[in-house]
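Read from first to last, the chains carry the letters A, B, C and D; within each, the first residue is number 1.
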């Protein structure tokens, strides 16, 4: 694909001194990714990043589910920004795409409607006694990794290449809808041909797969997942994407959105149970990685340290392809070598874990 | 003898010069390219009669060459324009009695509608590219095969707020239907789909051509704008649109997508307006005094407009308007 | 006496096969007749109807009176062949009788009597018979000549086009053309050798014997009889499978028709008698406007019946008919062409029990109250002028009216029935019928002849009188409940709607109404011969341009009368004709409403 | 198979690539005038059945042309074949003929 248009959509990404805002979903489902991000920035790249224990959820899920009203979320977001200013930072980076979308949307809202900014300033002060502030630079954490992709490439221990054949790995990149579909200028490469993940993949030796449903939503859709009766819509979207990408035989999917990672991963299990369909090679699912996990593997992190045992679809086939050395049996050992429990075998993972790896308990 | 400077050597400028000459007024045509003819020079055939553009342009060029008191300056631009004097990029100064602006339009750059993948995917072409292919007499896909299914998308860069083009470019619908017929004639077994928002068949013979495309050539018309184009694994293009007449989303893959690009006002129009006290319309096209009795006169005495500088027009309308300009100038000069 | 020679074999075989197949066909058709038809036969057979049937057989099957009325030459051609041949057989039989008395003579003995005369040494000529038989042969030969001429120049017989025949018909036709010339030759050669014969065969025989060697004549003698016998044999074998089956079939058909058997909405065994009674004379082709205006040459009744008979009927042929009834009106055999076509469509399209139109339950869009109900019909809803004219007429007459469908209606069912889906049409019929009954009306007026026809034929509305608005208006005028102004300045011409005229026999009432308001000028084709507007709901095959072509031709004829206003009494005709003319086209009710006093 | 309390919704999309267009092509070939439809909706507006039910002739034939045959036959069974649509069609389409043709093709008779 001749992606030329991404250069038309450039944005300023701060080089150092970030204030970090976590993601609700990732903290729970991919906690290793956020930890890896902090480690990569501070240890590998030597950048300053502040993980503030005072910050909260942006309440974006509640907002998009019609539970949290606009004035409330504006105040919550203003508090986040205020915390950042108090901590002495002006570069805000958010781990969550929903949050990133919210922050972008609200900053634009305040720009367009100064009276709302005024109301928020007042509400923030009344509620918390804090001073209103706005970040100088707002970036999603994938933007930050994208920004440092060349440096990471220089320090790479592995490349996104099949270690046995030397062929580049075929990667499906999936961009969260709220990354650039609301404000195309806020994303690298715009909304039609976002380059934020593709840039990383290409820099690190992989090959990006462009498939018909590339732009399509993963199906999370807030209300569509949260109400059980609507989940049929939610899964139908993932189903559509997986059907569309599977003929390209991708080695893995990488996403920059917490919801997408979760749904593209876990719906594979659901679809396998409902229809018996799996989309990956050898009857398995397609591993779904976060960009931090992808960067972590490239930088030589241990997959279990990256939290990849939390995935629904087993990542071992991918690790094998990349030639990464790891202890298969240590998969379910936690930080202190303590057994954290092992999920049941699922259709989506064709091999029984116990027998294959002699999981240590 | 009175002398007029015409800026733009497209069909409007040429026709205007020819008509002025026949009224006993001399004219100089300034053309920035190295040849006359403007956009028509690269067009293949004209709707609704499928007349070769060459025939029209050939006749016009012949008249232009034969007409007395016309001089042509190619490869130069006007740097300073006043009703009585035009300064050229060469530094030459041309004294005159009035100026005609016939600088035409800019073809919409389909790259801006990036969701259609022009310049990104193979086999996404514009209507102008297709005319070029017709001129070469060869329509093939990048892999050398013949297309089996072709889609034409109307209103690319027209009636689209997202690209700041609110206006209708008028000629693309008719062109789309014409090209669909031409494609069907070249590839009778191919499926041709036109995706449109409205079909605007405003002129004589256009509606008849549309009906012929439907009934005789079995061109499919789907009312709905394509939302996105993506590649398929076999190198084709997948389109998504809503079939609004059934209220259902629709997707299909095609071998070739033709984007019917609209007419955009020249970037320079704003500058012209600012520098010489002229007026632009919201669409960016120049604004004549009114749309009726003074539709070719600018608000500046002695500066006239001809052709698509004021709005999208078909070839026939442009030629008519250029004739009108000559008559109005004569009239105006007599009143001076 | 010997009455056998080898050359008789083709004749004997042919005749046997023919009689066998004809008898078999009739037997199986009669056996399959529905019980109701059987009862009709039983009721009619011993009544004067049988006698009148015999009389009709003489008039039609032999003399072809109806064709005579149409064109004398054409009539003569048909009569000479049918009646001439018949007389040849009868007189030939009398001839043998006169020679041999009551002695039994086999069939070939009668047919080839001239051959067997010298063989059996029968003496003594009876010149009367010889001459009568020769005259009859000449009579038939004149018919053959005309038949041949008709193929070449049909206009001589008042026909623009003749039937395109299929292979079997061509064989039978060729055989038939050869039968009589060959008989002439065979008998003449016999006369040349043995003498005798009448004015024709005798003289030709004398001529032959003078100019041709006796050896040659002897050599030709047997083969000529062979050829004559073979031509007969071929014709007989082909006959039951060709159009000539009509020769016999018309006879039982006339009997059955006199016993009041008719084709119905669904196909039945009786239809076979009608279908095979078609002689494919092609008289139905010329009146067909699809032929004359559109040049469509394969859908006319003759082809429809032929295709249906040979089980090769296609929907596109069956559907491509206006069912205007112009062909039915001229059919010399009186076949119920429209009914047969409609029941063919039913056979091809009807799917019972589809649970259609259940949505009609409980719908009642009617308004007002009155003993007189007015059903505008779907098409009239698209010609609202007719509706408002009717409203004014009702008001002027002081009639209280129940409006069945002012706010939208359920179709009367006839269009669907005509398309062949008669079981589903019945659901609409049932709905409308119960609607009429529910509102307790005593008279039902409609301005749509399509509705009128189905109301009268299929609704079985007990205690409700169904009137077309032309009948109703005329009645109001006659009763003096309606007063209209007459103006000799106003000249009208009237277009007979097919469903109203040929379909329902209403010709005079609209004319009387028009004459009450102005002068009526008749177009060239009128009444039973009137043209169809081309937009008939019965035709689902022709396209818009073709409809328009027909409408224009009809409008031209109406304009040619010089009348200012074209009047019709059918909303569909009004719409159709209005497309084809610049003259004003009005419904009958409109001109009445306009001239109300 | 586990019951999750929901199922994967079938897409509503008209998938031209996977639809079998054979019958649709046959229909268009037999009556090309159907392609002349400009979607004005006169037929449905005047429709006797369409004013009593949700029957929409324009929509049904458009779907059939796209290869969406499901339910079309039953929908067309709502039509009374009265012919008003044919009288109002600005493109002169023989709508009654189309109804019968589609039914014939989809009903296999």
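As a working rule, a residue touches a chain if its C-beta (ideal position, glycine included) is under 8 Å from a C-beta of that chain, and two chains touch if they have at least 3 such contacts.
From a predicted model like this one, the values you see are computed outputs, not experimental measurements.
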| item | value |
| --- | --- |
| More contacts between chains, A-D or B-D | B-D |
| From chain C, the most remote chain by mean C-alpha position | A |
| Chain B and chain D: spacing of chain centres that average the CA atoms, whole Å | 38 |
| Distance between the centres, which are taken as Cα means, of chain D and chain A, whole angstrom | 45 |
| Inter-chain centre distance, chain A versus chain B - centres from mean C-alpha coordinates, in Å | 46 |
| Distance from the mean Cα position of chain C to that of chain A, given in whole angstrom | 83 |
| Where chain C touches two or more other chains, by residue | none |
| Sequence positions of chain D contacting 2 or more other chains | 33 |
| Multi-partner residues of chain B (at least 2 other chains) | 253 |
| Chain D contact footprint on chain C (complex, rising order) | 315, 319, 348-349, 351, 354, 356-357, 359-360, 363, 378-379, 381-382, 408-411, 413, 415-416, 419, 421, 424, 428, 535, 537, 540-545, 572, 575 |
| List of chain A residues in touch with chain B within their complex | 1-5, 190, 192-193, 210-215, 247-248 |
| Chain A-touching residues of chain D, taken from the complex the two chains share | 1-2, 4-11 |
| In the complex, chain D residues that touch chain C | 33, 46, 48, 51-53, 77-78, 80-84, 87-89, 92-94, 96-97, 100, 104, 107, 109 |
| Complex contacts: residues of chain B adjacent to chain D | 199, 211, 214-216, 218-221, 223, 240, 243, 245-253 |
